[in-house]
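In structure tokens below, several structures.
Two complexes are shown next, each including chain A; its partner changes from chain B in the first to chain C in the second.
Coming up: the complex of A and B.
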């Protein structure tokens, strides 16, 4: 079961690369939804079955796989955003940066003083790589909506790290984080709508200018 | 032993054009046509070999050496790889480097011959060919290094006969990444459809076909045969990784290998039927993605 979880984490990291490489907004939203669903399955593989676990798994999959993507799609439609992602730096350089960050994540995970039973697993490197991908998406994309996606990826990375600590940390904490995320995306959706209504563009690089030119 | 080597060489020399026939038949099937006969590539080669050659007065010996060196390098490279379960005819430590650079040599002479004609059109094709080749090469090396690390050996025979279904079970993610990256590299190296269209001969978007426009007669036949052989060689590597069936009987092994190669040809035909050529600016993106896939596979193995 642990080895299957490892394979799924490889899939999660591949989705990171897809997110960095794609130019289509709708595709990026679907990819982040898929990543959420894959992450929702993993707790069921590494922990013994319980009713509590089932609730968390189902709520994870519904929230990250269906509800949040639906919210983002809704915001895209309402704000009439063009379907391109529009990065500050090109797709190929971001892909290569993503690969470099993933490698560094693996190197760094080797150096961390981890518990011996976690040392051989992919959880820590996958978590760090996903975190860094989230940062990269947040910093290199112009559109506010793509930055929401980056924020989601960032949270996914934190969730993977949380999987290791679940014996010490109750699932309740994770549920609260999920709720935070939902509220965050909700608020971002409203903010994006307001920005698009006021300024006719959701390009965050233009928020620095005082006047529209 | 001698019989086995003889069979090995025979399959190596005779089978490549048949793969092209199978690909064309698959594409015809998708389009609802009857298609050319399976043996059409052989008829084409025979026809080209009977024709005379025309050499432009502006060309030098480089132009004539192009096809010959390409064929020779590809033939030597084909002797270095194992077919199915059967060990390669030539094998020594570090032969993977020779293998990679034999293809490099073949490419260098093809592009030099194209530049030698002085045609701007062929120069453009040569420029594209080498640009995309530099992006494919790291992919091939990452794949080779990963396999060398997995099999703890530096000879291609051991590296490529190492994958089995047990390996797939233990390191499934790595193998899947390798096979994905190798398939992209295979399509790019052989100028198949998402990268280049092997059927067009006069269009500004093509890469490989544009470089060989000035070759005629036997020289062009040699180029076509070398291209088919290259597809066969890279296909054999792919089959060894993706479909590692192993039986005790050598003759069943040969049958399995030939069947695997036909399956690969059908797969390429399906890809060519369902996909369109990529825009030229998207090609480097896909090739970098393949490099990252293979680098990621190496990372998973090395850590």
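Coming up: the complex of A and C.
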């Protein structure tokens, strides 16, 4: 089952590239939802079955696959935008950067003092690559919605690392963390609405009234 | 009993949501906050034992933080009744709800002995505060809210990664992966060094961005500048304390690992000095007095980090400063909110001669300024002095000298802004506002400054003992 999990992680990394390359927001939202669902399945593959596992898997899939995409789509619809136009760095350069970071993640993971049973697995490189993708999205995109997607990708990267040690994160903490993520995205959605109403745009590069003179 | 500190504010939040009347609703804040303060004093006086599998324990460090938060919140709650009477043009439902949820989450932070639960509580305070910064519903406040939300969310996410690294450090050391503080402390000497270092850096960056350590402070001037005064006070006094407690918890594990403690200490000192330096640079010629207070907050989180890094004699000062900083920021933000209301602006070209126009608020702002810059007889003097003197006793002359240099620059920079505001004569072309100094808007900051004076002149023995107990928990045990 571990090998299947590894293949799914390859899929997760491919989705990273889709998000870096697309300009259509609706597509990026679907991609991040797919990534969430894939990640929701993985714990079921690497851990023995239990009620706790089932609840986490189902709530992960519902939250990341359905509810969060719905929240973001709602914000997109209200703000009436479809595309990320002119990011700070173009799509091709970010794709190349993404490839470079993914390669570096593999090289770096080789050097880390991992536990012997984790050395051959893709978890750590996939986690690092996804983290870096999240950062790239956060820093290079201008639209507030793309930044929220970047934040979600970043969270996904952290979640992949967390898969290595589910026993450290008890059920209650995991559920609460997921709930915090949900509420966080909900609040971000509301704020995006207000940004688009106030500035007639969700371009965060317009948010520059506040700075030191 | 300890759970009541969380349940009581949550109950209040529900009631605040139900109350339909905008004028009556703020009254729920002191109705919850004052019993919360009473409960806190009861818990402080009694010995608490770890409960719920060691997850919940109000240890001395938690007690100190809880005391600071509870007092500050009570002050802000009473003030809110007076303040919101002037802001009847918009609904305060979300504000009251958010404040109480935030109090519950902050109380939880002080009780947690499980680092995962602690993370959840800190994240909850972050989200609960976001709508409060947006209370003024204008372009500037939405910008501040977005920056705050994004930077803090990403920061807190990095802190989660740091926590996972910490758990992984125990896993690599062939222990059961855990995030329970007591188990981490026991297993710390065998923990994997590399992962522990990585965990510490990520957690410091994560919680540090929440706390506003430079260079992660960029959201702070915007959020503090645009939020209503009492929200600013709770950001600067409450959330900073919570994030600092989270860093202290991680630091406890680092100390227990015994070897290479110098690495962690130096990181804290360098970040702290950098924060003070950044604050000193940006404080000069600051025309917006709320932004000035934000830089003052950056300065004081720097002082906290330096003191924690110095260790030994400075620890008492750090824990004392945690209380003093929160309370003094309360005085400054609440009185600055009064100035803002009275003048209809928050820049120094509008606000002049406050002592003439509104003597009470102007005087309180001046007193708060004297206290926060570390002048006797107020209590921040004692805490800052004990930190800087222990820097010299430890032979860290460079740290001590830079500390004093930055304090001096900050004092000059801050007085260049504050003195013209309170002294002189008000401009005569100012539009009249309906604000007048009343008991509810002046009383709370006045009581707070009296507390600071009391702590500075004659601190009660029970408090000193509590601070010593807290400091003892952060000693390095060979």
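Basically, the second predicted complex is superposed on the first by the 203 of 213 C-alpha atoms of A that agree within 3 Å, B and C clash if a C-alpha of one lies under 4 Å from a C-alpha of the other, contacts with A are read in each partner's own complex, and residues count from 1 in each chain.
Methods note: a residue touches a chain if its C-beta (ideal position, glycine included) is under 8 Å from a C-beta of that chain, and two chains touch if they have at least 3 such contacts.
Note that the structure is predicted; figures quoted are calculated from it, not measured.
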Clash or fit, chain B versus chain C on superposed chain A: fit
First (chain B), second (chain C), both or neither touched by A:21: first
Chain B versus chain C as contact partner of A:68, first or second or both or neither: neither
First (chain B), second (chain C), both or neither touched by A:7: first
Which superposed partner A:110 touches (first chain B, second chain C, both, neither): first
First, second, both or neither for A:96, with chain B first and chain C second: first
Angle at chain A between chain B and chain C, C-alpha centres, nearest 10 degrees: 150
Chain B versus chain C, judged by how many residues of chain A each one touches: C
Chain B versus chain C as contact partner of A:153, first or second or both or neither: neither
Where chain B and chain C come nearest after superposition, their Cα distance in Å: 21
Of chain A, residues touching chain C in the complex: 112-115, 131, 138, 144, 147, 151, 154-155, 158, 161-162, 164-165, 167-170, 172-173, 176-177, 180, 183-184, 187-188, 190-191, 194-195, 198-199, 204, 207-210, 212-213
Residue ranges of chain A in contact with chain B within the complex: 6-7, 10-11, 13-14, 17, 21, 91-92, 95-96, 98-99, 102-103, 106, 110, 125
List of chain B residues in touch with chain A within their complex: 172-173, 177, 284-285, 288-289, 292-293, 295-296, 299-300, 303
Chain C - residues contacting chain A, complex: 114, 116-117, 119-120, 123-124, 126-127, 130-131, 134, 137-140, 142-147, 149-150, 153-154, 157, 160-161, 164, 167-168, 170-172, 176-179, 192, 194-195, 221-222, 225-226, 282, 287
